[in-house]
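The structure follows.
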Amino acid sequence: MQQGRVSEMCGIVGIALEDVSARAAIPIFYALYSLQHRGQESAGIATVSGTAGAGSVGGSGEIHLERGMGLVSEVFRENLSKLKGNIGIGHVRYSTTGASTLKNAEPLVVDYRDGRIAIAHNGNIVNASQLRNELKKEGRIFHSETDTEVLAHIFVKGLMKHNDPISALEEVMRRVIGSYSLTMLVNDTLIAVRDPVGFRPLCMGFIEGEKDANGVIFASESTAIDTLGGITLRDVRPGEVIIVREGCEYESFQFCKATNKAHCVFEYIYFARPDSVLDGRLVYDVRLKIGERLAEEHPVDADIVSPIPDSGVTFAIGYAKRSSIDYIEAFIKNRYVGRTFIMPEREARETAVRLKLNVVRENVASKRVILVDDSIVRGTTSKRIVERVRRAGAKEVHLRIGSPPIKAPCYFGIDTPTREELIASSHSINEICSILNADSIGYLSIEGLIDAIGMPAENLCLGCLTGKYPVEVPGEECIAKQLKLWQF
Amino acid sequence: MQQGRVSEMCGIVGIALEDVSARAAIPIFYALYSLQHRGQESAGIATVSGTAGAGSVGGSGEIHLERGMGLVSEVFRENLSKLKGNIGIGHVRYSTTGASTLKNAEPLVVDYRDGRIAIAHNGNIVNASQLRNELKKEGRIFHSETDTEVLAHIFVKGLMKHNDPISALEEVMRRVIGSYSLTMLVNDTLIAVRDPVGFRPLCMGFIEGEKDANGVIFASESTAIDTLGGITLRDVRPGEVIIVREGCEYESFQFCKATNKAHCVFEYIYFARPDSVLDGRLVYDVRLKIGERLAEEHPVDADIVSPIPDSGVTFAIGYAKRSSIDYIEAFIKNRYVGRTFIMPEREARETAVRLKLNVVRENVASKRVILVDDSIVRGTTSKRIVERVRRAGAKEVHLRIGSPPIKAPCYFGIDTPTREELIASSHSINEICSILNADSIGYLSIEGLIDAIGMPAENLCLGCLTGKYPVEVPGEECIAKQLKLWQF
Amino acid sequence: MQQGRVSEMCGIVGIALEDVSARAAIPIFYALYSLQHRGQESAGIATVSGTAGAGSVGGSGEIHLERGMGLVSEVFRENLSKLKGNIGIGHVRYSTTGASTLKNAEPLVVDYRDGRIAIAHNGNIVNASQLRNELKKEGRIFHSETDTEVLAHIFVKGLMKHNDPISALEEVMRRVIGSYSLTMLVNDTLIAVRDPVGFRPLCMGFIEGEKDANGVIFASESTAIDTLGGITLRDVRPGEVIIVREGCEYESFQFCKATNKAHCVFEYIYFARPDSVLDGRLVYDVRLKIGERLAEEHPVDADIVSPIPDSGVTFAIGYAKRSSIDYIEAFIKNRYVGRTFIMPEREARETAVRLKLNVVRENVASKRVILVDDSIVRGTTSKRIVERVRRAGAKEVHLRIGSPPIKAPCYFGIDTPTREELIASSHSINEICSILNADSIGYLSIEGLIDAIGMPAENLCLGCLTGKYPVEVPGEECIAKQLKLWQF
Amino acid sequence: MQQGRVSEMCGIVGIALEDVSARAAIPIFYALYSLQHRGQESAGIATVSGTAGAGSVGGSGEIHLERGMGLVSEVFRENLSKLKGNIGIGHVRYSTTGASTLKNAEPLVVDYRDGRIAIAHNGNIVNASQLRNELKKEGRIFHSETDTEVLAHIFVKGLMKHNDPISALEEVMRRVIGSYSLTMLVNDTLIAVRDPVGFRPLCMGFIEGEKDANGVIFASESTAIDTLGGITLRDVRPGEVIIVREGCEYESFQFCKATNKAHCVFEYIYFARPDSVLDGRLVYDVRLKIGERLAEEHPVDADIVSPIPDSGVTFAIGYAKRSSIDYIEAFIKNRYVGRTFIMPEREARETAVRLKLNVVRENVASKRVILVDDSIVRGTTSKRIVERVRRAGAKEVHLRIGSPPIKAPCYFGIDTPTREELIASSHSINEICSILNADSIGYLSIEGLIDAIGMPAENLCLGCLTGKYPVEVPGEECIAKQLKLWQF
């Protein structure tokens, strides 16, 4: 999947260090750095000093907030030193709702009757606009366009009703439909939340902070915990709320007894880093298996197997391994073509593509080439890539895709284009092959994907592949049993 | 070879477009972008409008210059539009001499009696300090610490003596010892020069600029020409001077009849992009062959072959192919750890390494792992990497290195540490294996390297591997026959 | 009054142009530029496209917002072109409440049930914290620390109750105690509001925008209208709400029948630009009269009269005129010592003062010098200035101050220090003279001030001079009759 | 004289502190700050550590250089700490030759045979282009377009011939025609130089640096010494070279026995700060006397005298004093319209003028107004200002100008327009009055100017007023006796 075709989502972190004098901002900074692939638009950290009676959800500690547009390394420099306190949350954002402005950067920090709340959110609320209108009818006002502000209102309503964050979060789970992995500060208390079906990942572990301060960490992916030299304990469970009490003690509340989950398959295919373990499965391993399975499902006689960098690499390694065809790179990527690249001349599109990805002519000339990518969204980039390999002299070009055809939009946090723009929603596989001018095309089967992930289909969200969604989305088909589970 | 161990050098470009109204700055910008790996410290472009009588080395066109610290994409934004003219040169710099300041950024542009000269230089002058002193004794003054300023003085002296840039460059070749690939503007005339033994690469081709203007291009690597959709014609020959006459016509002068060359082997091993063809050899192909040769020279029974990213990738693919051991990645690199990364806390070195490169624990646990890298300089990073793979549970760790041991410094443009800091200059291979705590270590043999490159040893500079240099360096051993050739 | 002793406040603007295709952002930008002296911390503009049925308080036009930290010329560059629409408001801020962060920059733009609201506020709400707590008890949440957010909540509550912005503003006047001059957008309708006693200025006029579009303008000071080449019509009256209907038609609502006002005297003494006309009085004229009056009240035999630049200039001209003593400058101000001046070395305080203000030794040596300033807050700067004039050789130094002693804090928008820090709250005039080491000191009398302004005392806020405030402030004495008027 | 009409020149500083461990960069920074009015385009400081044998013109101390585009406060921030050493020079630049680029920023630092030289220059070399060509014929190359680079070459030639900086400077005085006040570092020795007729000011004094280190200071104006709390000793004499030996000891060499000088009268009229004493005369006093003299030469019956801010202020005070007409300001200047002001819309010229200078309508309506300015260059701004005062209702507008008509260009450092653009070069005073639409105009007489300055005409450069220059300028009339003196 080429950058620019499907946008990344958000990454979240939450850390509570035992030692009141240790600073949570430092490990949060590193953790966000390792989650940078989940969002490059803005970054933010909110911290607070935990008092003795941490967990009392009282406390008067001021919440410090620093956020800005850009990469983690751009947003945080000297300002990191302003973020005092041993407890905090962090966020990297690629907006799925809301425009790209500082106003929408997270964490969101608000005052309410009994103190302050900070929220970092990964996901997308399906009924956000309905909830927003309800809240406005009560006379509430909104400062941003984010789902997170809706969550804040619902949560504060619950807090004021129940005087207890756990009950308030139970209410959030009842009212809010969609995907949400959250890290929150309620005054000086850290809380982690995962929606009842577990669309987006969230894992938990232990780290050592400055001065050997022991600490609890929550992060979107386990790689963040690895980066800090910590130990990953387990995933936060769908429907679970974890509140960190004094020190490293924590308490778990399980609100949704759902037996079925809805883990996003695209976390495995594209979004997550290969070195992360999500819901018990190493992403690298899933991708390698997908590559092998692709070779079994769609074998072809060829001279080389090549990835489309970077997202196709692990699939191609798996394909080459199973097929015993040589793994040789057809493309070299320019590591310096970054996010900030602005073409000085509009017309120079073609040059831009060559700048980013150059064909190694000698590696493909007169060869039968298998190109492996993770997915096809609109098909425009794939078409251009096939053409370039042909022009470099390839005899045959075979496409192998590490996911089934994407036929329907995602409502749970992935910024897919409209149904009309998805090439697979309106074209057969043969048509796609012909449009992309490939000699053959092979998509992974849905069964193959399920096998590679190694979980029952009932625990996966396959919405964008099947058009059937695990929770109710207006105008879309819903898998009934899931819906029931939702309404616990 | 890990970034930070051995520094990159410079990249140069020269372009002359036939149509006087076309702008050379645009394709130079793209070409520099594709050569960004050769220098990230500063970038610059100088352009001029060629008049009808181009090649007359008269002309009164003003030379426009824009340069700055940072990446090509950072230095050039709106200022690109100030660079008028159909002829120009460009430069990306990683300083090998001179401190890191704007003053040292290239191209260097100076006035002399008959007009203006601009020079972009890749290489290192061995007798720079001696020449500098001679020039100072004549009363000349210096504004910077660069070799390029020395070249400018020598060239201008020749120009004033001979009234002809070609004869002046012949004189430069007589006086200047060291490595230099140059692109130059002498008023509105583009000239390319390569030192008599061809240490640094320089190739030539044709492109189409704006408005379909045909043009001649010189660039450090052929990938720059590919990026522009152009055609690589050939390498500039060692000792050759090429002057671009009117339109795309050019004239070549061959000053050194040397049968022996001294192409830098590290261009093939590490510096050049794999998709470049240097002096007739595709870099990717050389690296793949090195990997295969390594498997032949140093076989070992193991479970996986893994590159140390990014420089070890192609070697590891070759090793895996020949040995039939599975190619599996042991490390995932964080693509966002960039040049500008500043650790907020000094002590956090260990975290910094993990930020950049994370071990995929499951891929190495209980496995016998072969790690492939391009070279070892000081050994500190290699040691740390071996240790991390061991801590992740590897049963055995075998290092395979795509170059022979680096035993001596480079005087020709590669920023190696002093002899004392080079681990292989004072330790046997067994000692190195023990210091790095590897189960085995296998360096490529010099013969293996020569075979993989596919050129006679006489045409390669092996100075850093053998301590014998192709041209006279004070205090170092020189290969006699080369010296003779030099003094044509 | 020296910069840094008493901070400036805010400046506001509102403009509605008749022609829907004209852009309000351009004249708002200029107007803010001319009001820059009222706030240098942040600046912002919000604009909207007025539809045919302007004034209907419906409309669906999006409100565009650009704001940032720094001067008007720093905040607005290319982003000015994003501010589409013929109607808009602007704000320059020096925070009197809330910390100095972008979050607190204005205008504030929020969504509510029926659309969007933007507010720009100059003033200070006395019962803000009480209102904030009431609103929080209703479950409302706050994103910033500004009074303006409190105003927004109260206004939206009123809007939802009455479905009419005029009635909502009547309710705001009932609930909110303090100073507030406001410009607002309610969807695509421009509204201007001034609190019932008119603490802060707000005037109204007509301008010509781009394409000769006629327009209505509201601005803190008339100089903003002059700058745009417009015509000042009149002041917005205390307790008045003006809504701009279609084109340049407007409707006025007078909610408070108060016969007494509370215009801030420090607008005339220090804050406003001398070329502004506030509530019918030219500031320059008031200051000149104060200078003359000072000469009458506190004559002294001396050689020269000198202002302390810049705030003492007009007073000194008046003093010199009445006393017939030569007006000669004792100090030259460095025009380049700006807002951003950061001393490289902490200890160098003394140098910093000299950098900003240099004594012209020859002008004061062996002379009897009268120094004229607008006011004394803490006295530290005045003391230093007297000492420097003495060291330059002055025989005598007489201070003349263009305001009565400041004895009490301001609760209505001026950022005075605490009572304890005000030198005149705890010292007699004789003591002050002795502390400052002056030969004599002469403060303007309160009667003199009232005469110079030329309004009845009942229409002025003299709170900081008398400690008696025109509206109820917890813990302070209130002038009873005013309070009654307030509760209309 | 309105900003933008005639450009400012350069300011220079040189400081040597006795204590080797004290840092010269700090007081140089402050001194440049106080000379900011002499140049806002770029700023630079060069420092060196003086060794025991200071003055030996040997020493091997490295010269540290920091320079950049912009104001002193923008260029120097943390980089000030890099400027180690107790001896240094500084420069603020408004380019009179050379384009506005960093390349041309000073001090210029170059290497030569025996070490390093740094030069800061205020002035303009009349025969620069001739010298430059001569130097180029010797094969020398130039990196910039500045006169300073020419000076460096001539000086180094002298140094290599004589092996002594004093003799080298004698040679500079023989070869170089034009204005030059210089501060220089020759290795670790500080030298100050003033051209033989003393066009540009340069004064000398003593200061206390950090740690009470005594030091010698040279600066363009005495205000820089005041700012540092130092004592001004005297002016550097025309034709004098002062070399600072060990500690605060210095030696003076007088090379030109000229009895006649050529001090620039515009330093007194416009450029210098009023609080500076130049060649024995306080600028404020000269301007006050000019104002008085103007009242005597051109009396008129009027109601108010008003300066055109800021340059007309002191003249107007003098005029008002002598004429007994009230001094009242007709204009208020916006202190925030800075150097960086960029109009968002090109056409809005008229608004830009109003933004900068607003008429106080009430102060001029129905009045007979005398407007006092320092000079008229092109006349365009004056015309606009007269018109604005008329439109504000003035009955009569009388212009009084603090200088005689400017009829000829300056070749000695002031950036005047060409002769054609100078309104007084081609129009009689009556014509100018009519063009500017004034009721009367009165220029100061040349005699009046000479009297106010209080020096014999023979010691002043009146070139721009008389068209007769004190040194030979190609194509211009020269005052013979001066020329002789020059060729000592």
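Residue numbering begins at 1 within each chain, and the chains themselves are lettered A, B, C and D in the order written.
In this text, contacts are C-beta pairs under 8 Å (C-beta built on N, C-alpha and C of every residue); 3 or more make two chains touch, one makes a residue touch a chain.
Quick caveat: nothing in here was measured; it's all calculated off a predicted structure.
The greatest centre-to-centre gap from subunit B, using C-alpha centroids, is found for C. Inter-chain centre distance (subunit C to subunit D, centres taken as mean C-alpha positions): 38 Å. The geometric centre of subunit B is 62 Å away from that of subunit C, both derived from CA atoms. Averaging Cα coordinates per chain places subunit A and subunit C 49 Å apart. Counting partner chains per residue, subunit C has no residue touching two or more of them. Contact annotation for chain pairs lists A-B, A-C, B-D, C-D, with touch applied as defined. Interface residues of subunit B facing subunit A in the complex, by the touch rule stated above, are 26, 29-30, 33-34, 36-37, 40, 71-74, 76-77, 80, 210, 223, 226-229, 273-275, 277, 282, 284-285, 288, 310, 313-314, 317, 320-321, 326-329, 332, 334-338, 340-342, 344-345, 348, 350-351, 354-355, 358-363.
Those residues of subunit C that touch subunit A in the complex are listed here as 102, 109-113, 117, 133, 136-137, 139-143, 152-153, 156-157, 160.
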